[in-house]
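Letters A, B and C mark the chains as written, and numbering starts fresh at 1 in each.
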Amino acid sequence: MPDTPLIEITNLCLRVNNTDLLDSISMSSKDCGVTMVMGPNGAGKSLLLKCLHGLIKPTFGSVKVSGEYVLGPSTNQAMVFQTPVLLRRNVFANLKFAAPPGTNAVTINNALSTAHLADKKDLPARLLSGGEQQRLALVRALLRKPKLLVLDEPTASLDPASIQIIEGLIQDFTEHGGKTIFVSHDIGQAKRLGSDIIFLHKGRVVEHSDAARFFINPKSKEAKAYLNGQLIV
Amino acid sequence: MLTQAFSEAFSLIASANPDLYEILWLSVKVSLTALLSASILALPLGTILAISEFKGKRAIVTFFTAMMGLPPVVVGLFVYLMLSRSGPLGVLELLYTPAAMIIAQCILIVPIVTSLTHQIIEELNREYRDLFFSLRIDTGRAIFAYLWDARFSLLTTVLAGFGRAISEVGAVMIVGGNINHLTRIMTTAIALETSKGNLALALALGIVLLMIALVVNALVMIVKTFAMDKGYA
Amino acid sequence: MIIRKAKQIGVLCLAAIIGISTAYAESIILQSTTSTKNSGLYDYILPLIEQDTGVAVNVVAVGTGQAIKNAERCDGDILLVHAKASEVKFVKEGFGVKRSDLMYNDFVIVGPVNDPAGIHGSNDVSNALKTIAQKESLFASRGDDSGTHKAELRLWSASDTDPSKASGAWYLETGSGMGSTLNLAVGKEAYVLSDRATWINFANKQDFRIHVQGDKRLFNQYGIILINPARCPLVKTTAGQAVIDWLLSKRGQTAIASYKVNGTQLFFPNGE
C-alpha cells in the first residue's frame, strides 16, 4: 500500500493534571530517511516519542505505524533512550538478551563490530564509557531489525568519536530502507542527518518541513528564534 | 567467665568434638534447607509484587513487611498445632523432626526475603521498565532477568533470612523438641546448656555460632565487592 | 554455573534432611519432665534401651504440665512425669492406658550460703517456708505448672501460707524450667525448691547450698504412662510398651539405680 505513510499521527493529545503536554498533534511521515524532532526543553519531544513507541497511552487521538494502531510496543519498532539502560551482564549477553530468538553468535559479533565494540564483548556492559554504552544500546535496537528506529537524544554529551560511529550506523540503517525518528538539540547533527524536521513548541507542532527548507528559511518565528540561538519561552 | 568461654569455644573447635559438629552441621542443614525453600517462594513473589500493578498490592506488601516482626514463638505454636498428631497435618508425623524445624524457619524467612526482594527489584524496575516494555519481554522472562541482574544485591537479602533462621530458638524448640542427635541444633543446645547452668559452655556454643555468621557474612561481602567492581551490582 | 551449584547444594540438603528423618526405623517420642533430662539419666539409660529393645527413644523435655498437655494432643508415645494427681487424672480421662510408679527422688530447698531466713539444717519444710514468708526473703518459683511447681504449691498450702499475694515482691514466679529458675535464683540470691537430681547436675551453683532436706513431704515420685492408642491411633503401642516394660523390669530398675553423678545416686527405682 504505497499511499499509507509509515507513521500517521492523528489529533494526538496527552493531558496530565489538566495540562496539555501534547496538544492536537497530527502528522505523517515518509517511509524512509531521518525525521528530526527539535524544539526547546519541555516542548514534549520525548513524550511524543514515547506515544509513538507505545510506552505512553495518549489521552486521545491515535498513532499508526505501517497502517496499524500502536497499542503497545511492537516488533516494527525499536527505541534507544537518552540514558542507555544496560543489563548487569557483559556486552555480549546484553545483545543476546534483546536479540530475536535464534539469533546466532556470528550475527551478534558482527553487530558488535559495526559499533567498534568487538574487543569489548566479554566486558561488563556497565563498565563501558558513556559513548560505548550508547553504541551498544543502538546495536541492540538494530539487532531487532525494526522498520522504525526511535531515538531520544542518544548522542547528548557523548564523545565525538562515538557520535560519529552512531551517526554512521543510523545513516547505514536508513540507506537500507529503515526509517528513523530522532530527537536532537544539536543543530549541526540535524543538518547532517535530517531529511525533514518537526519543530515542537509547548506540545504543538509549530512547523514540519524538509530539512533543506527548514534550515534556510524557517516559517515560524519560534523556529527562527531557536535556530538563531535565542531562548524561546 | 568470658575468657573461660572463649578458651572453651576454641578448644571445642580444635578438639573436633563430634557432638559439636553434629549439632553445628544439623543447624546449617536445617537453616539452609529452610532458606532454599523460602527463597524459591519468596524471590519470585517479591519480584512479582515489585513489577506488577494490581488492586490490593500495597496491602500485601504491608502484610509481608509486618510479618517480618513476627515473634518466632507464635510461628512455633502455629506450626506445632498444624503438625500435632491431633492437628490437621498430624498424619504426616512431622512433629519433632528436622522437617518441622525447616517448616517453622521457612515461615519466619519468607516475609523477610519477600519484603527485601520487593524493595530491591522495585528500584531496578524503575531503571529497566521502559526497556523491557520496549523489548516486549514477557513477565516470566522479566522475573528471571530481574532476579539474575539483582543477584548480588539479593545475596544480602538471602543472608538476612539465613541469619534469622539460624539464630532462632523459640520456634524450633517447640516444633523440634530439642531431641539429642535428632533435632538438637546450636540455639536449642545453647538454651539447654544455659538451663543446666553450664554458662561457659553455652557461651562457647554462642561464640561458635557467631563465628559461622562472621565467616558467611565475610564471604558474601567479598563476592559483593567483587561484583561491584565488575559493574554487576 | 552458580545456579547449577545452588541446585546441587539444595539436593544435597534435602537428601540429608530426609536421611536424618528416617534414620531410625523404630523410634518413639517420650514426653518428659526436664528434671530427668537435665540430670543426665537419659544419656545413660537410652543407649541401654536401644541395645536391648531396638527402640530409639527421642526425648522431648518440657515441664510436667506441658508434657501432659502435649500428650493429650497425642504428640508422643509415652509420658514420664512427676505429678501423681495429674497423672491419675490423665489416665482416668482416657488419655493414658495405665500409670505405673517408676522411681523417686526428693526435693530440696536451696539458697545462698548466708541464709537470710535462717532455715539451714531444718527438716521441717512447712516451718522453713513459713519463715521465708515471714521474713519476706526472696523465693523463686517455677510458676509453670510443672511437677516441681505443683509440689511447691502443695507445700505452701500445707504451711497455711499463700505466697501468690507477694508475687513480684519477694515471691518470684519465673514461668520457666528448673535450670532457668535456678539461674535466676542464683542471680537474685533467692531460695528455690528444686529436685535433687537437677540440683546435683546444675553447674552454676556459685555459693548456693542445700538448706532444707529430709522431710517426707519432699518425696518426689515419677510415673510412666503409655499414651492411649484408642484415643491416639498413631501411637506406637508395641515399641512404647516395650520401653515401659524394660524400665519396669529388673534390668531397667537396676540401671536406674546405678546411674550416679559424682558418686551420688540420683533416682531410686520403685517400679511395680
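Operating definition for what follows: a residue touches a chain if its C-beta (ideal position, glycine included) is under 8 Å from a C-beta of that chain, and two chains touch if they have at least 3 such contacts.
Not measured: the values here are computed from a predicted model.
Chain B has the C-alpha centroid lying closest to the overall centroid of all protein C-alpha atoms shown. Using the average of C-alpha coordinates as each chain's centre, A ends up farthest from chain C.
In this assembly, the C-alpha centroid of chain A lies 47 Å from the C-alpha centroid of chain B. Mean C-alpha position of chain B lies 32 Å from that of chain C. Measuring from the averaged C-alpha position of chain A to that of chain C gives a distance of 79 Å. Residues 127-128, 130-131, 133-136, 145, 148-150, 230-233 of chain B are the ones that touch chain A when the two sit in their complex. Residues 26, 29-30, 32-33, 36, 84-87, 90-91, 93, 95-99, 102, 151, 177-180, 182-183, 194-199 of chain B touch chain C in their complex. Residues 53, 55, 72-75, 78-79, 81, 85, 87-89, 97-98, 124-127, 144 of chain A touch chain B in their complex.
The part of chain C that touches chain B in the complex is made up of residues 2, 6, 9-10, 13-14, 16-17, 20-21, 23, 29, 34, 38, 42-43, 58-61, 73-75, 177-180, 182-183, 186, 201-205, 232, 234.
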